[in-house]
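Shared between the two complexes below is chain A, which pairs with chain B and chain C, respectively.
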Partner chain A sequence: MRLLTHNMLASPVKGANNAFPLKLVCEKKEVMEADFDAEMVKHLLSRVEYDALRATVESIGEGPLPVWDDGLKENEDFLRQMHHILLEIHVIEGELECPASGRKFKISDGIPNMLINEEEV
Partner chain B sequence: MKLKELEGFLQTVTPFQNPKVMLEQYPTSPHIASRMLYAIDATFDDLDGKIVGDLGCGCGVLAIGANLLGSCYTVGFDVDTDALAQAHENNTDCEAEVDFVRCDIPSYFDGENGFPRKFFDTIVMNPPFGTRKKGVDMEFLKVAFQLARGSVYSLHKTSTRNHILKTASSWGAKCEVVAELRFDIPNMYKHHKKRTQDVQVDFLRFDLSQVSSPSESDGGV
Partner chain C sequence: MRPEYQAPPELFYDETEASKYTQNSRIIEIQRKLTERAIELLNLPEGKSALVLDVGCGSGLSGDVLTEHGHVWVGCDISKAMLDVASEREVAGDLMLHDAGQGFSFRTGVFDGCIGISVIQWLCNADKKTNVPIRRLTRFFQTLYTAMKRGGRAVFQFYPDSSQQMELITSSAMRAGFSGGLVVDYPHSTKAKKYYLCLFAGMAQKLPTALGAEESCVRGSVDVGGRETIRKRSIKKKQKDKNWVLEKKQRLREQGRDVRPDSKYTARKRRPKF
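For the complex of A and B:
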């Protein structure tokens, strides 16, 4: 799971307000190189909840990311940093924690399990 | 990438090892998957450089194929841990870069907590047909409409076409039948009497660009 995927996931716990972003506990991460394409990174940025990403990145010991400024969209150094953050860091093992309920969701082999009831399947 | 080349890659994707009948886990064959994806890319330009989601991705053939055709970010969702483990392995084998998330699609994306956002440009999916669990096909479609900004591509039983077209248009989407397919479903389950069963399937495209223009409140910077 990459950090952009984390950035789109909310807590499935019903009635949990402010259930975004999920707190990310990263036990094992890998960096896999990917080809840089500035246009693609700009496109991905258009979907990012930046403040949530910035806090998450800091919490797992990456970054720091700058405070948002519209000028960053055209800043090549920043786009390269975002490329690394969004596309090259893979969380392999860890946990996602619902900020409202404290309920934890495991990430194993890179796949977060957002099921509440295992017996659903 | 040429069509034959894509099909070749997708032939290396291992399908369900132990298909689960309640989840209607019929694999999308490499033949059908490659032609679907090729049409989406070549005719509609909805994969290259796009953010793509696959709902009920199973072993990942559509998600992986979409990524091989140039999607800039792809996420596959499924409820079944065995299918996802296989999808993860297939992803590595094909040297694709797809993220996978385990969730129950209709209940996870039920609109609570302000989610889902319109995160994806394109949704590509082969959802359950709703044969075992009535209405689940429409639940998947509804979620797809909530997640995608541009278009949704989906496979449905031809016998349900009128119902789907009517519902989609009531949700504000323009729908076209891209192709009529024959799904050759092998005898994987006990309830199948014949050796194989041909099912008439529509390959549908839903254009969401007129539904509502995504605003800043949908997220993004």
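For the complex of A and C:
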């Protein structure tokens, strides 16, 4: 799972009120190279909650990311850094934790298990 | 028998079924074509990459097509076996084990588009006591609506098993706030006929035209009933055979008329050329 997807996920647990972001515990990560496309990264940035991303990136020992500033969108170095963070880092093993209910979702083989029991829907 | 009737999706798509989706060239070809058409119907801005959700991504065949079009995608599926195949193939998108009927938990307005190839008919199954199709469909469409950008499109190719099911799916989508409707490609062909549920989040747009349906679209006249001339039922006349002729001659003789004597030529059959 890439950090882009993590940044889009809120808690699926009933009563957690779409708590966001899910706490990410990363046990194993891998970097897989992808082609850089500045326009694509800019587009993705418009969908990302930057503050949450920044906190997550620091918690898994990457970064640090600069504080948000509108000028950053045109900064090539920053876009390359974002490309690396959003699209190249894959969390292979780890856990997602709902900040409201503490419910844990296991990530194995890069695939998070987001299935919940029928009572939790 | 339709796969939906055999087992729930997480059990039906096991290792053997999943391996078909990488080895069977016919299945791959069909999935590819369906995805190409779904992407065409999505109508994303030309030459720009978008963020697309692939519902029921399976082994990532549809995802590959999305990657070729330059889009970034996130896929979810309920079958672990299918996802394992996808991750072995190192598809470009992110994968997630997730039941679409439980609804999505994405933030608001993150996706530019959504596709689902041969998926949503599975939501109509009631495999467990707790599975109520209408509730699952409603949750699916409502949470999808939240996850989509306003003005985005969601295109689902599916195989409805009855008109009631089609109606159930479409009405659930409309209740969740989507506009749009069904696009039926090649409606006059049994084999090539394909259903695409084309949904718009937020803004109402013109429904795309279906392929191979030109004749029905161009036809401007309306059939008016009850104007045909009623054909008289043809009553088959009774064949006048030799007996009838002999009887008639006898009757006329009794009336004292001048009647030629009966012979072997009386009322004999003529050759067909006559």
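We take it that the second predicted complex is superposed on the first by the 115 of 121 C-alpha atoms of A that agree within 3 Å, B and C clash if a C-alpha of one lies under 4 Å from a C-alpha of the other, contacts with A are read in each partner's own complex, and residues count from 1 in each chain.
Just so it is clear, a residue touches a chain if its C-beta (ideal position, glycine included) is under 8 Å from a C-beta of that chain, and two chains touch if they have at least 3 such contacts.
Since the model is a prediction, treat every value here as computed from it, not as a measurement.
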item	value
More chain A residues in contact - chain B or chain C	B
Touched partner set for A:Ile111, first chain B, second chain C, both or neither	both
First (chain B), second (chain C), both or neither touched by A:Ile60	neither
Touching partner for A:Phe20 - first (chain B), second (chain C), both, neither	both
Which of chain B and chain C A:Ala38 touches, first, second, both or neither	neither
Chain B versus chain C as contact partner of A:Ser11, first or second or both or neither	both
Partner chain in contact with A:Tyr50 - chain B first, chain C second, else both or neither	first
Set intersection of chain A contacts, chain C complex versus chain B complex	1-2, 4-5, 8-12, 20, 34, 37, 39-40, 43-44, 47, 49, 87, 109-115, 121
Residues on chain A engaged by chain B in the complex (per definition of touch)	1-2, 4-5, 8-12, 14-17, 19-20, 32, 34, 37, 39-40, 43-50, 68, 87, 109-115, 120-121
Chain B residues touching chain A - in the complex, by the definition given at the top	20, 23, 49, 51, 72-73, 75, 79-81, 84-85, 88, 97, 99-104, 107-108, 112-117, 119, 219-221
In the complex with chain A, residue positions of chain C that touch it	48-51, 70, 72, 74, 76, 78, 83-84, 87, 92, 94-99, 102-107, 109-110, 128, 130, 139
Contact set on chain A toward chain C in their complex	1-2, 4-5, 8-12, 18, 20, 34, 37, 39-40, 43-44, 47, 49, 87, 109-116, 118, 121
